[in-house]
Amino acid sequence: MPLTPLPQIMFEPLVRGALLEDLGLAGDLTTNAIVPAGISATMSLVARQSGVIAGLDVAALAFRLIDSHVVFEPVHRDGSHVPAGAVVATVRGPACALLTAERAALNFLCHLSGVASATAAVVEAVRGHKAQIVCTRKTTPGLRVLEKYAVRAGGGSNHRFGLDDAVLIKDNHIAIAGDIRTAIARARAGAGHLVKIEVEVDTLDQLKIALTTGVDAVLLDNMSVEQLSQAVAIVGGRLITEASGRVTSATAPAIAATGVDLISIGWLTHSAPILDIGLDSE
Amino acid sequence: MPLTPLPQIMFEPLVRGALLEDLGLAGDLTTNAIVPAGISATMSLVARQSGVIAGLDVAALAFRLIDSHVVFEPVHRDGSHVPAGAVVATVRGPACALLTAERAALNFLCHLSGVASATAAVVEAVRGHKAQIVCTRKTTPGLRVLEKYAVRAGGGSNHRFGLDDAVLIKDNHIAIAGDIRTAIARARAGAGHLVKIEVEVDTLDQLKIALTTGVDAVLLDNMSVEQLSQAVAIVGGRLITEASGRVTSATAPAIAATGVDLISIGWLTHSAPILDIGLDSE
Amino acid sequence: MPLTPLPQIMFEPLVRGALLEDLGLAGDLTTNAIVPAGISATMSLVARQSGVIAGLDVAALAFRLIDSHVVFEPVHRDGSHVPAGAVVATVRGPACALLTAERAALNFLCHLSGVASATAAVVEAVRGHKAQIVCTRKTTPGLRVLEKYAVRAGGGSNHRFGLDDAVLIKDNHIAIAGDIRTAIARARAGAGHLVKIEVEVDTLDQLKIALTTGVDAVLLDNMSVEQLSQAVAIVGGRLITEASGRVTSATAPAIAATGVDLISIGWLTHSAPILDIGLDSE
Amino acid sequence: MPLTPLPQIMFEPLVRGALLEDLGLAGDLTTNAIVPAGISATMSLVARQSGVIAGLDVAALAFRLIDSHVVFEPVHRDGSHVPAGAVVATVRGPACALLTAERAALNFLCHLSGVASATAAVVEAVRGHKAQIVCTRKTTPGLRVLEKYAVRAGGGSNHRFGLDDAVLIKDNHIAIAGDIRTAIARARAGAGHLVKIEVEVDTLDQLKIALTTGVDAVLLDNMSVEQLSQAVAIVGGRLITEASGRVTSATAPAIAATGVDLISIGWLTHSAPILDIGLDSE
Amino acid sequence: MPLTPLPQIMFEPLVRGALLEDLGLAGDLTTNAIVPAGISATMSLVARQSGVIAGLDVAALAFRLIDSHVVFEPVHRDGSHVPAGAVVATVRGPACALLTAERAALNFLCHLSGVASATAAVVEAVRGHKAQIVCTRKTTPGLRVLEKYAVRAGGGSNHRFGLDDAVLIKDNHIAIAGDIRTAIARARAGAGHLVKIEVEVDTLDQLKIALTTGVDAVLLDNMSVEQLSQAVAIVGGRLITEASGRVTSATAPAIAATGVDLISIGWLTHSAPILDIGLDSE
Amino acid sequence: MPLTPLPQIMFEPLVRGALLEDLGLAGDLTTNAIVPAGISATMSLVARQSGVIAGLDVAALAFRLIDSHVVFEPVHRDGSHVPAGAVVATVRGPACALLTAERAALNFLCHLSGVASATAAVVEAVRGHKAQIVCTRKTTPGLRVLEKYAVRAGGGSNHRFGLDDAVLIKDNHIAIAGDIRTAIARARAGAGHLVKIEVEVDTLDQLKIALTTGVDAVLLDNMSVEQLSQAVAIVGGRLITEASGRVTSATAPAIAATGVDLISIGWLTHSAPILDIGLDSE
């Protein structure tokens, strides 16, 4: 399914914030001193590594908010795999504006492309299996809307966006409720009719209890591949199965081979390294 | 020199934003359904890996903004090295509040501790050399104030905070000015008396020109260790020397051994993996 | 299930906004001119009509934001049915502050109690049936978080909080997709594993198609009671049934008697009259 | 006198807020899954009831903030009476954008048209009398600027916009001052030269005192029609007379016939039901 | 009449803004490097000139927002005349916090005390006459609420707070309306019942026309003292007379002696020099 | 060196704030009542005094934010000296918009031109000397970015923009550190490699100590011209010398003649009177 762009209203405040963070009160001392106002330039956003691009609209807005005359022309699209050396987009306009906006634009683009690339690598690793790769709520503060988008750009899917869009019962909830059955019962009583309920299970015994409660999904946390296989067999397709726990591109194929529906990975959003993209003069 | 805490006014908007991002309009569906309002709890923030802590005040504020009755008691301080398994802080108060604030608090604490830990590792690698480890403007959008702080917590120093607090002349500026001498002359004419000027040089020839211009510092970009040694010799202490270009803990010692004053590293802030810290019931 | 209070962080900006809207730049000209600064007072928030209270924390904050010395003591709780004449809360402190905050506090309290009271009336009307009364996205701009809360205070439940927490396929979506089956297929492909899918059906034929697609819920829009009964029979408990379309307390019992799971009512949030509550000197 | 449009700067933050409230972090899950990006559509905003329109600029902005390519063409104007079934405006552009913005746009338009329609009904009821229909500060928190505008669109006038633009002495002020004469004297001493003073009187005796004090207006609160007639006679045109207290379209004519200058009605802004307007595919 | 303090909610955003403007991302580099965290201090806010104080609550908040442990003890009150050398307030707490907040706190206090002192000087100059000294809308952008307050602290009164709280018909309005009578007629038709109308007149002929129109006040702009005397005689107390046009303490007494009700002075808010107040170690 | 314009993103929030401050909730009562919507006008911004202009982009934005159809055509540029009577810019568009935006636009333009004009007068007074005229952090809260810009427009330079962009060691820091040497040593240890250090010295003895410490600049505070001459001789060009202390256009030439590098003047930003500029109908 194609990637839907984000309406600008959803990220414009972030871009304004990032630019103002960089400009401070004095603005771009270097460019203002060195680059005459009348000079135009065309520059290229060049990928220094191969990877998947995400955040072109965000980067474009950074340039345009510094000077509305800047023209940003994407060469690739969000979600595209590009080789090292690829020109991702060109940007032309007042040279001052290009240099002043450069870092803020790149900070978004490199970070989001990093998330997309990490996601795509794992998605590729499980190709042929039904397992979807999903991210978590372990996102960078303030950037969740963009990081979730970047995961989609990388071919992944999104788990919960927040505490508010589904019930996910974890260890601590079960501990306070007393047992898993009570926790689930309370959740079913309290949650709205369009709210799905997932419960974390650490053992196959817990899983068997969960299966009797009508939850929609189970989070199989930190289980071995063997346990996962057993869990999938026990579930027998009656609810959604999600594996989690420090999954990497290396370990993902075996996990996917167990037949789980989902593999959730926190590091896609909290620890993916950037995709290195630079701004080159033509 | 001891680490100065940040005034709360500098990060409170970020914490409010992160909490509201997680709460949405419906709030914590799971906790609200399962955890009765009257239950108190004491929980521990536990490091799952060894590393350096940063962001305790930020995490504490996340809990207190959900419920002002929460008591957050740090066991360690920002800047402390802790072993895997260490209790970093305890938090007690209404169980609901602890669970609702958990993820936002941890997202800050894990990210900032990740930056601090990455910094500390490189700082440790160059111990015995005079070189300071400094971060760059390649930060996560919106979080620069906190990431720069985390670098300090890890024993590093901060390079420019923005476009506004020093002049740093790069390739693109020199290209537009025509040559390095013109670029520097314009910068000296335009910059205020309390603004230092640094210029990026890619070759020893450029370095020799820079030395005649009265700049305060030179950025030796992507030079080999051998070139760096020559550059340091050429400079002879007349200005500050900074090495940059994909430096890691592995390559840092040799670079530091060349005698450069500073080693700047972008990935400390843009690509450091989190330090894994969790919230455990006691 | 008990009503969970909203964390203050979720409504504080709304209360600040409402106070500043009323204060303008000149503040409370009347009170400032007439009421000496040193005078304290105790006043009562008195219901002029019977109804269900919602918004006490919100009203309390309005007073405290004008003067932190004000003490707000609720006599009833959000969700309580109170008779006409009931003292809902007392408030004491500087008389100036009480009078200055009065209107902003009451505007919240009366509006939210109006929503809660309207909800409670319909909930009462369907008592004995399983049907839950739910509100919609037809809320007052800016106040959704509070109005959804007020519906819960009135004993109702919440449908979607926004476009983002479930899929609800309506006429216009089906028209663009071409037919209901295509629309649902696309939604299933695009929605995350924790996202439920509901589809609006206007005829029993559409309902029969929907039943074959694995959606989670059907919205039976503007059907007669007879049609609803047939629809419920056709569904046979295989998915959630929701009735909608200008339901009132008068028409709700017959609708509930059809056995639908949910009755959704837009006017609870967009057109409920206020519950009249005033501030009386003691 | 013609209705002056509001500058966009006065309501743009409200529209942005309403859209973000509806979009959350995940955006429009349904439309994004079902409606392909390239499809354009033309839709109509259709009044389901007769009434008076208000808020077309606000609704138009909601669409344009989702996609700047949307063209919103009003068929009627704010302040127009339209019959049930009337096309109020057409909107064309990317189908995705139309569906995503629909609810936020309608929530404004229906609410404001509801206020305008309620106002117009009372204005019509008193036609032939000099009495103006005015609204109060009993507005929906955050929406005062728009609701006051909607009252003007309905042919009404605005009473105070806030605590800051006139003095209105009420019961509680008089109680604290000790008597009505003292309260008025303090107000006259404290208020600026361009600030009018109105005082609430509950009895004809109070009215007679007020007449001797040079106030600009009297609020005749909750008086019977007979009392109002006597009050108007006593005043004899020397100051402005305002009647208030649960006035409806049914009771307004008799009140207007007493000769009062103004009839103020809180429910126009706090309890008017919406005017039902929908978005139809063409 | 005593000076009413401003609720903190009305100026807190300004104080937060001013502090963040000064702190940037790096904070107080000097104090952080030099002043150890554990050191407490008591310092005095000392007037370097005689004048009238305004803004103590604002300054106090600046200190408390940097560190909530700071204790700010006013020695004088807003509105007090103090001699050169007077200790206006003492402040004690962490030395770091005192030094970091100093400039933001003083920038408010010196500016507002400057406005109050300028006002007080003119008020003193016209003592014995009935004329009130009033400020205008020529205020510093963003600070109107505080500058208007400072004028009151200096013994002056406030003219309009904005475009929204009274009608003031000026040259340009009359020019567009065609003549003064038409302009006033339109204003009377359009303005609410609690809105006063003032009209600027440049000649005595215009004044005579204005007198027949029922306006509340006339602004006698840039008239000579002789013209003002004639104007006051013509008006004969039938409406409020306001003199304006580059009035100073030197020229004010003669103007006041003409018997005008008000003298409005733009420079009180746009050009008053600060009152010099410093922070001294004890 | 030419004056670099500020990116609009740096002042747009200030302009929006100033407009909303003036509009309140009711908007421009006078213009709305008197000026018909369809009337266009062309008006001129006319300097009533000679001076230096600053803030044209800011004023232009104020008009455009009220109505995007307004065309603002500058006749002069920021930094230009204009004679009394000069047309600074013309503005044409809907007459309503011109009158509604007038005061907010002029409040910025007059204030900033006042700062620029005051600066230019002192710059002119020291022409022929090398001394630069610099402003301080004694700025109007919220307007620092614009006031610093206005100083540049007047031909001056900027000292520190905030606490964050250089170290400036003052009396209070030295007092807490114990002595000047300790204070400087701590600053050197704590400050980053691109941060310059300036120290305030009150005596020639302190100056001699400072010279041995490697600071970058000395602030010679409140010294007589004779002391300044001695200080400059002692320094002998080894570091930057800055004179400060109630410098005026009258005293500046003698101070400049001592050979200091910089003269800093707080009143340029905190006490410069406005440059009177008005809006005239053509």
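We just call them A, B, C, D, E and F in the order they show up, numbering each chain from 1.
Here is the rule we go by: contacts are C-beta pairs under 8 Å (C-beta built on N, C-alpha and C of every residue); 3 or more make two chains touch, one makes a residue touch a chain.
Computed from a prediction, not measured in an experiment: that's the story for all the values here.
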Legend entry - Steps needed, at fewest, to go from chain A to chain E via touching chains: 1
Inset, instruction - Go through the assembly and pull out the chains touching chain B as well as chain F. - result: A, C, D, E
Inset, instruction - Could you tell me which chain lies farthest from chain E when each chain's centre is the average position of its Cα atoms? - result: A
Legend entry - C-D or A-D, whichever has more C-beta pairs in contact: C-D
Inset, instruction - Note whether the interface between chain A and chain C is symmetric in residue numbering, meaning over half of all numbers used appear on both sides, and answer same or different. - result: same
Legend entry - chain A-chain F separation of Cα centroids, rounded to whole Å: 44
Inset, instruction - Provide the C-alpha centroid distance between chain E and chain F, rounded to the nearest whole angstrom. - result: 22
Legend entry - Residue list for chain B, restricted to those that touch at least two other chains: 1, 21, 23-27, 32-33, 100, 144-145, 158, 161-162, 164-166, 168, 186, 189-190, 195
Legend entry - Contact set on chain F toward chain D in their complex: 16, 19-20, 23-27, 32-33, 36-37, 65-67, 96-97, 100
Inset, instruction - In the complex, go through chain B and note every residue touching chain F. - result: 1, 132, 134, 157-161, 164-166, 168, 186, 189-190, 192-196, 198, 216-217, 240, 242, 261-262
Legend entry - Parts of chain B lying in touch with chain E, wherever the complex brings them together: 1-2, 4-7, 9-10, 144-145, 148, 158, 161-162, 164-165
Inset, instruction - Going by the contact rule at the top, pick out the chain A residues touching chain B in the complex. - result: 14-15, 17-18, 21-35, 39, 41, 43, 95, 99-100, 102-104, 106-108, 110-111, 114, 137-145, 161-173, 175-177, 183, 186-187, 189-191, 195, 267, 270-274, 279, 281
Legend entry - List of chain A residues in touch with chain E within their complex: 21, 24-25
